[in-house]
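For reference, the structures are reproduced in the following blocks.
Each of the two complexes below includes subunit A, the first together with subunit B, the second together with subunit C.
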Partner chain A sequence: MKGLRALWLIARHTWVEVVLSRVFSIFGLLAAALVCASIFLTNFHFGSAEVRFINDLGQGAISLFGSILVVTLAAQLFFREIEQRTVLPILARPVTRSQFLLGKFLGTLAPILVFVLGILILLTLLLWWRSSSLEQDPSVNKAVLPLLLAEAWTSGFFQMLKFAVLGSMVFAVASFSQSFSYTVSMGFALFFASHLVHLAIDFYREGENLFSQGLAFFFAYALPDFRIFNEPPADPDFLKAILYASTYSLIYLFVATRFFQRREL
Partner chain B sequence: MGMLVVNYCIMEQAITLRKLRKVFRSGSVRVTTVQALEGLNLEVRPGEVFGLLGPNGSGKSTTIKICLDLVRPTSGDCLVFGGKPSNPESRRRIGYVPEAPFFYGYLSGEALVQSMGRFSGLTGADLEKRTSEVIATVGLNGAEGRPIRTYSKGMLQRLGLAQALVHDPDLIILDEPTAGVDPIGAREITELIRLLKSKGKTVLLCSHLLSQVESVCDRVAILHRGRMIAEGTMDSLLQRTAHRPSLVYKSQQDLDEGRRLAEKAGISVSDGVGYERSLEEVFIDLVREGAEEAVL
Partner chain C sequence: MQFIPPILWFLLASFFAGIITIPLRSELEPPRQDLGDLEGMGQSVLIGSLGGLRALAADFLWLQTNYYWQQKNHGLTETTAMAVTRLQPDFPYFWIEASRMIVYDMPVWRFGERRSPPKSVEKRIRREQAESGLKLLSEAAEFIPDSPAIPAEKARIYWTVLDDPEKAQEYYKIAYEKPFQTALYARLRALILLDLGRKQEALDWSRKVLSDMNPDQNPVQYAILEEYVRDMELGEDPRGDTTVPSNPSPAAEQAL
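After this line comes the complex of A and B, so read on.
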């Protein structure tokens, strides 16, 4: 109970820091602006129906800006505590390093959840408004809108799972890294590498010698496959996706706490 | 047949360091090592004010950080009230003021102290009471509602003390508590250390302000390059390092008279100095006089 209390306090401090940070406001507003601007960009819909275009753009905004926010905020908040030494009076108390790190992780993810929910609500309003004003469009009817909304919210949910895994990966790097810039660079490198995991899986299956197979096996399974979160099927298995994201998040957080335990402050 | 029963009362030391060694390693390709502590043995007794002195890089902060589990020793033992500092429960009895403390700027002083109290397990009315008490003790009354980012260096130092005292710890570790504080503030911190001592608290003081250490510490240890070069009570340390007995006179006239009398008695006098007030005393008097004139 005491442990949960410390975790909650650290998460709350982190939450306030994120909400007050310029990075969060700027990228949050940019994402919202992009979603709103989609109604003026419909000439570039490349043949898709207008509401589908708005939906795609909204999901793209969540994915792009959400990923940037997770990587930069997780690294920034971790290193700010270390560099400004605000971590010292906290860890000098009956607070464990695991509690501190998990609190930071949860405190970073909570505003990201708010960001995702905010953009989804904005997207829902836009889709509803645009589809009701396009009653004459044959590609838009009452049956399409609920389908699009379900797709948007499912995609948002899967994106949130991806952000949780990505956040845990950034904390794992930050726990042993000595600089903010290295952590951010590694965070984005891991983000891109996790989108290419399917190539490593193919390479592993088709590998000819033991070395290349071993290397491919490492990349295929040490990194999560972000395609699972980016391209949810029409009938997604939510439980399986949650289990997959939780497993990877817990492994990376375990690695992060092990490294952080040994870190000199 | 009578039986003699002897009760051995083993006093639990506030801090016990045995053969403490710390080597810092940096770099992954070209590894460089720095020996911060070399077999340090030290005991801080309950209820005493212990001064840890030494030049920069002598290992004072490393010693303090090992006591708080912020740094792990390479070898040797560190016990705080008989427990390992890696056990969070051992740290419950410690209050720590870091060197040049920095806190979340968006919080008010009061909110920070409350938050730190919560980390130490305080809740409800007890937390409220302790918060207002320590804020008054460190002299932050009236400023407790302001955001910390508006605080001066001296106020931050006082806030550092308040957050360290909020849970009424038995051991208070002060790392350079007077750094960046004006002489009046430094004197108030010295008074606060005396107050803590009178309440039976143990204080580990690490300071470059030697006059402060001299005036409040029961015992001191001097570190140099990770080794302890001297340890003992203030009197024993000062006597050990005193080369020649000396007399201090209040005026040049008294000094001349003293020299004349000594020479008449056949005592060889190599040198003599008149009593001079320290810069700290002059500064404090002038500032106080100025403040009194302003009131009048």
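After this line comes the complex of A and C, so read on.
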């Protein structure tokens, strides 16, 4: 229980740091502004229901700003403790390095969850308002609101899984990296690369020789496929998605704790 | 451990995670989408990462497509239209509008200043563009297999451009059999069968469609089809005195 208490205290402290940080406030407000602005951009939707356009934009805001928050906050909070040497008194107590790292990870993820929930609630209100305003207009192609809301919340859940994997990747890199900028750069590089693993899969399937196929196979499976989280199907298998995300997250966190154990502070 | 760079350990651990999750990934991954046609890796990277913002990006790119369409720029219209379908493959609208630009507008641009080229040249150009449009629609069917609009558009191309009523009636049948069972496609198939001289088949088909329809859900279409069946049973053409060419223009087709 002492271990859990230490974890909880570090996570709670990290939560407070994140919530008070300017990065979190700015990107949170930007995401909310983009979602609200969607009702003014509906003239630009073609061939789709207006409410579906609003939903798509909301999902885009969660994905884009959430990813930026995860990468920057994870790296910032980790390196701040090390650069300011505040990690030393923490580790002088009966707190293991693993507890410290996991506490930081959980404390970073919790506000991201609040961010996602906040945007989803805003999106729900917007979709409900727009849908009832459009009820009397038969010329407008309307999507069914309950289905759309289910889709929005399912997508939000999958985005949260993605943030958990991305966050654990960043912590893994941070655990052996010597600088904040390297960690952030690698974090974004891994973020983009994880969206493009399907190209490596295609290259592997079409490979002409053993060497290129082997190389393509390695890159195809060296990173998680973030398309799984960006494009959940109509009837998603939540359990398998959670298992997929958890496997990657646990392995990255294991790597992070192993490197952090050996790190000189 | 100290001789292997940490980033390599990271990749190896990640690869291990990838191997043990292969069965999960194969079940969870979405349908393959060819982003490789987009110019350069840069666009693929950006578009792959956009997530839900792809809808907005597609809409702005569609505006650009229409700008190039106004300029009658064949190459850029086709390139940007294709890019839009890659961004939003789930929307039939983009696939259909792109195919209409390719099939109906681009032949006229290709004729150039000579608005009345030799018939053989016109036929060849229209056929080439129609085949490009059909290829695009076949790709659309992989992403939106339940959409009736895609096979219906193919039917229209076969009927109005390629003068192949046999294929047209086949595709109208496919379109009708999709979810939502649009009665218009069923009626068009019946008319094509009549034009092909297959009157009994047209009657049997119309009766079957009528028996599947709910008169309360779509009373107008039900009434029209009922009249079609009555006329065919009497050996009359349901189009009555209205002379409808065997290859109606899209506007005439809409009026039906």
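Points worth noting:
We adopt the following convention: the second predicted complex is superposed on the first by the 256 of 265 C-alpha atoms of A that agree within 3 Å, B and C clash if a C-alpha of one lies under 4 Å from a C-alpha of the other, contacts with A are read in each partner's own complex, and residues count from 1 in each chain.
Assume contacts are C-beta pairs under 8 Å (C-beta built on N, C-alpha and C of every residue); 3 or more make two chains touch, one makes a residue touch a chain.
Please read these numbers as outputs of a predicted model, since none were measured by experiment.
Contacts of A:59 after superposition on the shared chain: subunit C is touched, whereas subunit B is not. In the overlay built on the shared chain, the residue A:227 is in contact with subunit C alone; subunit B does not reach it. Touch criterion met: A:195 reaches subunit C, while subunit B stays clear of it. Using the contact criterion defined above for the overlaid structures, shared-chain residue A:204 touches neither subunit B nor subunit C, since it reaches no partner.
In the superposition on chain A, contact is made by A:6 with subunit B only, not with subunit C. Once the two complexes are overlaid on the shared chain, A:243 sits against subunit C while remaining clear of subunit B.
More residues of subunit A are touched by C (comparison of subunit B with subunit C). Using the contact criterion defined above for the overlaid structures, shared-chain residue A:265 touches subunit B, although it does not reach subunit C. Shared-chain residue A:218: touches subunit C; no touch with subunit B.
In the superposition on chain A, the residues of subunit A contacted by subunit B and by subunit C overlap at 262.
Residues of subunit C touching subunit A in their complex: 1, 6-7, 9-11, 13-22, 24-25, 27-30, 32-33, 35-36, 44-45, 48-56, 58-60, 62-63, 88, 91-94, 97. Interface of subunit A with subunit C (complex): residues 41, 44-48, 52-53, 55-64, 155, 159, 172-173, 176, 186, 191-192, 195-196, 198-199, 202, 218, 220-225, 227-228, 230-231, 233, 237, 240-241, 243-244, 247-248, 251-252, 254-255, 259, 262.
For subunit A in complex with subunit B, the touching residues are 2, 5-6, 9, 13, 16-17, 20, 84-86, 88-96, 262, 264-265. Partner subunit A is touched in their complex by these residues of subunit B: 24, 65, 68-72, 88-89, 91-92, 94, 96, 98, 100-104, 106, 115-116, 118-121, 160, 163-164, 167, 173.
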